[in-house]
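You will see two complexes here that share chain A, one where it goes with chain B and one where it goes with chain C.
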Partner chain A sequence: MARGAENRQGSRGASRGLSWRQYKAILRKDIVMELRTKEMVTSMGIYALLTMVVYQVALSQAGTAFDPRQIAAGLLWLAFIFTSMLGLNRSLVHEKDQGCLEALLLSPVDRPVIFFAKATGNLIFLGIVEILTVPVFSFLFLQQGSYEGQWWMIPVVLTAGSMGIAGVGTLLATMSVNTKGKDFVLAVLMVPLMYPLLLAAVSATTVAVLGGADAGSQFWQAMALIGVYDAIMLVACFGLYEFVIGA
Partner chain B sequence: MGDNHTDSAVEVRDLTRVFGVRKALDKISFDLPSGAFLSIFGPNGAGKTTLVNVLTTLTAPSSGTATVCGLDVVEGAVELRSRIGLISHNPLLYPDLSAVENLEFFADMYGIEEAEQRVRELLCAVELDHRRLDLVRTFSRGMLQRLSIARALLHKPDVLFLDEPYSGLDPHAMDIFDSLISQIREDHTFVMISHDLAKGLELCSHALILAKGRVVLSETRSEIDDAEFAARYRSIVGIGVA
Partner chain C sequence: MRQLKIAVVMLLIGGLLTTAAFFLAFYTAEVQRFGTVTLSEEIDSAYPLVGVSNEGLQYERPWFSQKIFYFHVPVAEASFLVLILSAFFGVRFLTTRRKEYDTKSRIAMETALTFVALTMITGVLWTKASWGVWWDWEPRLTTYFIMMLLMVAYFVLRNSIEDEERRAVYAAAFAVIAAIDAPISFFITRLIPSQHPVVFKSGFATSNLLPFILAQVGMLMIGYAIYVMRMSEERMRERLEVAKEALED
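Right, the complex of A and B next:
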């Protein structure tokens, strides 16, 4: 056994350098696999676009007096939350189905490293879907009346909100992946936990769309709530992930 | 093995693992010296896989202790993971990555220095160098198992766990697998789960039969009379043994 020990210098433990290498490896692996299979982004993208079509049908009889900008932010985040559930589930199911999660857990990787890598991957994939969806959404629902908000606010709130969705969603998807009705379990866990985030994100996005005299302070107030939510949830996920993934 | 040096590669004391109200492992105790080959037999549901899961840190014990390479499976789990390897009936490889991408990924996970060279060595050793750039989903069962060996040996583990490694292999693939195992036989300690009594006894230096989460027989190879062992195994399992 001394032979093995001699040859393993630098490979034991989870030093900071090794954790960074492991983080990059998991993230790179997820991106390469997604580029090859296009499973997550394609299914999420099509689902999001179909949701837009359904929204348009639902609002088709609203009449010209109705201004869809009043509810645009809510519709947008509703689409993102359901779309993200689809992708989040797939990100872990893929790992589980092939038995690869076992191999990952057998390696000397700190479990929070897996969490952060998976959450980053989910954030990137969700971001791509948002980049594709927002222009379509704007074209369909934000044409009526002049745009009075400030465009730069939209990417800011989308990024902050998506961080919360990706972080909490990754934890919950890991919890639900071993359950029988994983899709149902994820939805049941995710919607109540996301409630504060959704509320703040819809508020900030509404300000971004409608503008107003006090838009700046209202926006940053909502963004502060999103920031606090993200921070608390990411710390909680960091602490809980080892327990959740090992359960 | 530095401070953790011990003559026993595996030490298990009163190990119990409970799932709900069911005891998958019930106060199991045994020792396995370094360099030994332990074959674990037992009927379905005997606790074999749970035992390997505990020893490989995938499942925490409910009570009792287990050390592998002198490291506790709970307290020393992170360090222990870099000193063990698992070859399962499931290849534990990503089908949408190529052979070389799979091994490079796990090389990163284990923090292996000069990973490219190590990956090339192992792909040659398992005779898959010519398929190094092919996606793993295109591999046959035998090729998957050979690549699985390369994955498990990547970080030069001290103890190798084999969970029904022959499952689904054709005779030719079994011969190649045997040849690879015999090449690394002297440098490693092995713990193998098997339903194949003949194959398990052929390879082992120690044998153990589990039933209902308990050790019902534990002997060294020199103590084993094959016919008698098979008869006792049949009586324990309650079915014929091929």
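Right, the complex of A and C next:
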């Protein structure tokens, strides 16, 4: 009796250790592949840079009185959402084209582990692109005005927002990679679903850039919205991933 | 077949109820007042004179555009309910893997999209009459618009997958995520400041409640009828496909 319980506990402990190892293995595979090809970060980075050029065109007639800091947050998140769609599509297209997804499904790996590993990988690559983009963006657009916000808010909102993008995006990219119009379908599914997150993230980032009297309360209000969105959506995606990847 | 007969009866009753509600809304329901209007001379009006200012006489202004409420709100509530129903069938499909639930989920989504289109049309008309603009990015309108985009995306997703089983699973999963927006859109006017009126919080006259309830019940019956009729059409088409295949063999 006692031994049976012990055994069961032992095997459960082992499986937990195993899934942690599986998680690390899938994540490492993604990172190693990225280090070898450098495809995702390069393409996302260049795409982000091109977005900045387009922004310059859009703002070229705004005149000197216009303060770009007012819309800086919106422009930043616009760049992130579009680059992330590019990256997400790539990350799953590779898996599918080279038969890696099938191999993953054949191996005795829990489906949720695949979801979390892929989402973490996407989060890391998106994070790298964001770290590169933010300084470039402020260098190009935010030199006139002084910075009045609190700088620590920016990494906080970037992390929380990217978690939502990577989580929901991994589920949607897994779907869209099996459709006829891959990247188009991803955009159609992703943009409306991301709307609440983007709205809250832009509001929090604007507070972080502009500051203001009640910056703290406004920031945490928006962060609470992001937190609720992340929680609901990650749970939903986690629950649905098993069905989606098996189909 | 019996279900289809019930649906036809429901459609007739629903049509009668909504028509009755329409007449009641104009004949018995109290006309809401909306601010005042200043006129230069005295007129014969059913609306009371509230004051005299330097510019002229101030009459209470009847709010006729409010009448669209008896159509707009029932249709909107029906759209939320049918979307949730579609997600429910999606969950049923994912757990049972029976094809009929996929069809039910799709037809429910179609019905919901019809109601969303009607809500949007009536809403835009009301917005123009009441706010002076066709569209405003305020919380309720925005979340509802997003909901509509999600439902359109559902059909884009379906159309771009050829494998039947896969299409059903993906569509069900997406219906579940999309339905998360329905409660958000419904409760958002109650949670954060919004221009969109929340009628049942601000009180309601009994003479206005009756046409509203009639219209709401009638609209739900019409929704049910549309759903059942489309379902039976779909079943017949499936039978036709089977018969065609049998003939070819």
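As a working rule, the second predicted complex is superposed on the first by the 233 of 247 C-alpha atoms of A that agree within 3 Å, B and C clash if a C-alpha of one lies under 4 Å from a C-alpha of the other, contacts with A are read in each partner's own complex, and residues count from 1 in each chain.
Here, a residue touches a chain if its C-beta (ideal position, glycine included) is under 8 Å from a C-beta of that chain, and two chains touch if they have at least 3 such contacts.
Model, not experiment: these values are computed from the prediction.
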Counting residues of chain A touched by each of chain B and chain C, the higher count belongs to B
Quick check on the superposed pair: does A:Q22 touch chain B, chain C, both, or neither? Answer first, second, both or neither. first
Check whether A:M52 is in contact with chain B, with chain C, with both or with neither, and answer first, second, both or neither. neither
Item to complete: Could you say whether A:V209 touches chain B, chain C, both of them, or neither, answering first, second, both or neither?
Response: neither
* Looking at the overlay, does A:L234 come into contact with chain B only (first), chain C only (second), both, or neither? -> neither
Which superposed partner A:L193 touches (first chain B, second chain C, both, neither): second
With the two structures laid over each other on chain A, which partner does A:K180 touch: chain B (first), chain C (second), both, or neither?
-> second
Problem - Partner chain in contact with A:L123 - chain B first, chain C second, else both or neither - result: neither
The shared contact residues of chain A with chain B and chain C are 246
The answer for chain A against chain C in the complex is residues 168, 171, 175, 178-181, 185, 188-189, 191-193, 195-196, 232-233, 236-237, 240, 243-244, 246-247
Counting only contacts in the complex, chain A reaches chain B at residues 1-5, 7-15, 17-18, 21-22, 24-26, 29, 32-33, 36-37, 98-100, 102-110, 246
Residue positions on chain B within touch of chain A in the complex are 1-2, 9, 34, 56-58, 60, 69, 78-79, 81-86, 88, 90-97, 101, 105-106, 108-113, 135, 151, 155-158, 187, 189
Interface with chain A, chain C side, in the complex: residues 94, 142-143, 146, 149-150, 152-153, 156-157, 160-163, 165-166, 169-170, 172-174, 176-178, 180, 184
